[in-house]
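Just below sit the structures, each encoded as structure tokens.
Next, two complexes with chain A in common: one pairs it with chain B, the other with chain C.
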Partner chain A sequence: MSLRKVWAIAGKELRQASRDPLSLAMLLGVPTMMLVMYGYAINFDVRHVRLAVRDLDKSAASRDLVASFVNSTYFDQVADLAANADLERLTERRVARAILAIPEGYARDLEAGRVAKVQLILDGADANTATTVLGYASALIGAANARMFLASPAAERVNRSPIDYQPRVWYNPELRSTQFLVPGLVGFILMLTAVVSTALSVVREKERGTLEQLRVTSLRPSELIAGKVLPYLGISLTATAIILVAARLLFGVSVRGPYLDLFVATLIYLIGALGFGLLVSSFADTQAMAFQVAMVTSMLPAIFLSGFIFPIRSMPLAVQVLTYAVPARYFNVILRGVILKGAGLASYGRDVAFLVLYATAVMGVAYARLTRKEV
Partner chain B sequence: MPPVIEVEGLVKRFGAFTSVDDLTLSVSKGEVFGLLGSNGAGKTTTIRMLCGLLTPTSGSARVLGMDVARNPEGIKRRIGYMTQRFSLYDDLTVRQNLRFFGGVYGLRGHALGERTDWAVVTAGLEGKEDLLTRSLPGGWKQRLALACAVLHDPKVVFLDEPTGGVDPISRRRFWTLIDAMAGEGITLIVTTHYLDEAERCDRIALMHAGRLVALGTVAELKEVFAGRVLLEVACPRALEAQAQLEGQAWVLESAVFGTRLHVVVADAEEGRRRIEEALSGSGNVPAEVERIVPSLEDVFIHCIEAEEAARAARGVAS
Partner chain C sequence: MYALLHVVLKEFFQLRQDKKMIPVMIVGPLVQLLALGYAANMDVNDIPMVLVDEDRTAASRDLANRFSGSGYFHLAGAEDTVDRIEPWLVEGRAQIALVIRRGYGAAVAGGRTAKVQVVADGTDANSAVVGLGYASRIVSGVGAGLLRAGIDRESHRLAALAGQGQSTVVGPGPRSVGQVELVPRVWYNPDLRSRWFYVPAVLAMVLMLVTMMLPSMAVVREKEIGTLEQISVTPLQSWQLILGKLVPYVVIGLVDMLLIVALARAVFGVPLRGSLLLLTFLTLLYVLNTLGLGLLVSTMVNTQQQAMMFSAFVLMVPMIYLSGLIFPIENMPQLFQIGSYGIPVRYYGNVIRGVFLKGSGIGVLWPDALALLGIGTTVLALASMRFRKSLD
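Now for the complex of A and B:
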């Protein structure tokens, strides 16, 4: 392989890219734009849930309970309901998503050491949100229970709560979904831009007939492939850096692990993605077709089969098997480890091995397809 | 001196379709060799085989002594090829295109600069080096494409329909370039539809449906009319006249050229008398019957009709 010829191709790609600032801006800017859009849009955190309160007890204890809901910032009190209020109208008109009902006698029961009753009514139309809200409410009630339990005389404590349950969530203590989504987004965005840009750059040459012209030169296929891959590798790595800076500034997600490990993992992942772009280009004859094939084959698996949003363990077995062929799956695991947990690549030997295997296999097949002779 | 290109019994099939059928020819050094034929005649397939891009189904072809099937890479290094579309990068400047192709051909440093300068002068693009290729007129792009294809100083250059869609003055200028290259001992193989371009070739091969139907210099090809006479008939209804004349024993061949009819006969005077006689009977009186020198087009029509007849005869026999 002649480095000079590789450089001739790579330099030409960069010159063409710089001649087309719009495309270059897309390659570098779209990832960040997607990060912003998806980062804010795919947000499973639920805050400021509209809460209506029907406090029939009107005691200091009942007010305390309502205050603990509102002070948590998960709930905003939007209405104070009378005894005869039509609860269904409230949820139907989406005035409130949750209704906290405290019956008369709540304070009295607590005082007497009896079990006091409290009801929470939830709008279950959006099941995901409802589940999250339910979790918050249970936690708030649990906390209230614990406070009252500690405040009660020691003698009465016996037999009431033998297990001291204190859950802790590591790495993402507030369970903020952006923490968890950003690494997945990096994998998804890089896959998309790397596959689309390489596929288009080769197919464009097919369409214009310049590929045919290059085939009559003494250029080796390996030189052509290296010359095509290198510039896009550089552009994609730059895009990665931009995404990480944006993730830090916008979502406060910082890289806790070693940068070198992050770089190596990204490099292997990108080589696989660029190889896949070359593979797509060997099938497609027009840029429109290449774009569609590249979008569908890189985007869908990276979203649905990578564990980015949907946990792989809860998929049907057949689909789980499929995910082994999706490089984003391994990359997500590694990125979450390096970015959130501060781990090094050494802890993810198996995932790195799979990424290397994928990159080698895809590049090999792409090479074979691009060098095959017409018959 | 051995020929630069030797083709023997060359066949290329794509599935059941035979694109090139038993082609045999040779081209010597410094020759401008024209490959003619309609679309689908097999010209481009032939050129792509000679460039080492396609492997022949059978037969052999040697370029500069190298076999196209055994050493395509060796051939690629020593030939120039200009594709039907001027395969340049529209979004690069003239100089960037030249330097890119030079780099791909492995030129470097001083040699690259020297060849780039030479190419700019040869293509007549001085002062336009920093223009975007996209903004160049067709004729300039065409000369730039040729310059890019010969940067590495090849001894054989293949031009596949190099003048498609280019204005006549640019075509003329392009052919001056071709003649100059031939003068330097470069062998050029040119495919074209244009008969005026064919006339500028040293020798011509006419292909029809994959087969070679005529081969030789322009003068040699016109020899098919030796001992016979071509008459041009100007009459009101040429098609009707042809239908009427065809089948007459003394009409050797006939073809309609626009509003005129070309008729091949054995003797000029007798032919003229008989044509006037036959046509005046049907009120299609010829205004003029003139003896003309056969053009290449007449030759090609003759050759293709002969080939079609032979093909039909083969079909009947088999």
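Now for the complex of A and C:
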């Protein structure tokens, strides 16, 4: 392999990339855009739940209960319903997500020391939000019950807090989602820049017939492949740096572990991703096809099967098994460790070993396929 | 009309010639459906927990059992001292540590305050929030039980004293304390399966792919190869050309829609409670939007790569994330909430959920239908104008 020839191909590739500033800007700008979106707009906590109230009791006690819902800041009261209100209409038109119905006799039951039932109707179409809202409501009712207990005369003579509960959160004490999204985002973005752009750049030459021309030159396949891959390695590393800098400036997420370990892990992951891009290009004949294949086999798994957003343990067993073949899964574990926990690669030997295995296997197969076709 | 038919046929032939493309258009949606149906699950359970029980009494074992028996946590291991939990959390072998200090049992028995510590790995903030929520529910349940038992004991003692006539300062005799019971009723999805929420959303995403990104790439491809020039000098009118290029993708989009509806029901058990006809009609209105955007993209870019990246990352991803399709709009900053009114996916999301889960009819969904029609025709008209200009 002659370095000069590799360099020539890489230079050609870079020149081609720079003639398409829109694509280059997107490759480098998309990471920041996604980071901003994830950081500001995407949020799993649920607040301002639109609550309609049907209070048939209209007593001080029932107003107290409603007030405790509204004051919790989780609920915004949007309607005060009469006894004959059409509840279904409210949820179907999304006027309210939840309806709190307090029956007549609520205060009387409490006063008499009986159990008073209140109903909470939830719009279950968004199951996640409904689950969270149900949790809030149960907690609020639990707190109301505790207050009533403590108001009883006997309560003055017992220890009011039998348990001192001390929750501690390590590595991300404020539990901010951006902290854990940043590493996942790096894994996803690298799939985009490495797999998709490598695959497209090869397939584009196939479509235009220029690959044929390169084939008849004195270039060896290995030189051609290395030359094709190198520029995208550089672009991907730049994209990573941009995410890390943006994450630090915008969201205060800093790298706690050694940079060298971060770099090494990223490099191994990238080699696998670039190899996968080459592999895709050996199957696809058109750019549309290459993109579709790359998206389904690399980007979707990097989002859905890597533990980036959705916890792997909650998946069905068959899908969990599948996640072992997704390199982003291992990369996420390592990146979270290095960036947030300040750990080094030594703690993640198994994950690193898998990434190395993946990278060599994919590069090997891609190389074999491309050289067999005498690219 | 005849000319139009020919363009449609040509486009179909071209799609068929690219033999691998048709399977991709069917397989792509399938994979998305499976990913969202099986993998997208925000439920957190089976959190691996490491236990540090310094107390080793019946009371501490009872607390630990409540954690491991809750179904939310499973015991991944145990350590003798707190300072040995760090490797468990760093390597991810445990996500949460339950620490019961020495003296817990004695404090519980003596009515003093007992200490319980829970350490969570916060790197996965969502799971940590949920896990801490479970933990605090368990601990406060234990605490409430202890408190109630103490109060009951005390009430009985007071009652016994009052009964013996030894005390008159206690006031009225003891009575049981009233309690509120929450009776939840969940409409449309009583078991709260997140799958029922995610699976219909695939429809909106797949249609964006098939009727926005692919047509934009197809148009740009002709630009790249130069055949668009050739077509533009034929007597074909530009509206015929536009319509002819877009119709095949509408057909494929509708096929994908039927496929998804069928699989959502057969594989994931998501009911289609409303009318399929209404869904088809409203889907066509949505497709006006996606086609318009796709055409618009094709007039702004020069290469297929640009078309693909622009539709995927400048349009698709933000529209999916910011439209409420997956993440609730109420939680976003005000600015994003207002912006979401301009995103057609927002209205189509309402349509999908309304028709699938709520069985809504046009009586409820007409505002969404109007919005889709309004935005769709505007975008499509704008795109056609630009496209015509770019041909001249």
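A few notes on this one:
In the analysis below, the second predicted complex is superposed on the first by the 251 of 375 C-alpha atoms of A that agree within 3 Å, B and C clash if a C-alpha of one lies under 4 Å from a C-alpha of the other, contacts with A are read in each partner's own complex, and residues count from 1 in each chain.
Please note the rule applied: a contact is a pair of C-beta atoms (placed from the backbone, for glycine too) under 8 Å apart; a residue touches a chain by one contact, two chains touch by 3 or more.
In this text the structure is predicted, and so the values were computed from the model without any measurement.
Looking at the superposition, the partner that touches the larger set of chain A residues, chain B or chain C, turns out to be C.
Contacts of A:G209 after superposition on the shared chain: chain B is touched, whereas chain C is not.
Once chain A of one complex is fitted onto chain A of the other, the partner contacts of A:N84 are absent, as it touches neither chain B nor chain C. Once the two complexes are laid over each other on the shared chain, residue contacts for A:D20 go to chain B and to chain C alike. When the two complexes are laid over each other on chain A, chain A has residues 20 in contact with both chain B and chain C. On chain A, the positions that touch chain C within their shared complex are 20, 22-23, 26-27, 30, 33-34, 37, 40-50, 65, 88, 91-94, 109-131, 134-135, 137-139, 141-142, 144-146, 148-149, 151-155, 157-173, 175-177, 179-180, 192, 197, 200, 204, 284-289, 291-293, 295-296, 300-301, 304-305, 307, 309-311, 313-316, 318-319, 333, 336-337, 340-341, 343, 347-348.
Residues 51-55, 73, 76-77, 79, 81, 83-85, 87-92, 96, 99-101, 103-106, 108, 132, 148-149 of chain B are the ones that touch chain A when the two sit in their complex.
Chain contact summary for the complex, chain C toward chain A: residues 18, 20-21, 24-25, 27-28, 31-32, 35-36, 38-47, 87, 89-92, 108, 111-129, 132-133, 135-137, 139-140, 142-144, 146-148, 150-155, 158, 170-171, 174-190, 192-197, 214, 217-218, 221, 301, 303-306, 308-310, 312-314, 317-318, 321-322, 327-328, 330-333, 336, 350, 353-354, 357-358, 360, 364.
Chain contact summary for the complex, chain A toward chain B: residues 2, 4-5, 7-9, 11-12, 15-16, 19-20, 208-210, 212-219, 373-375.
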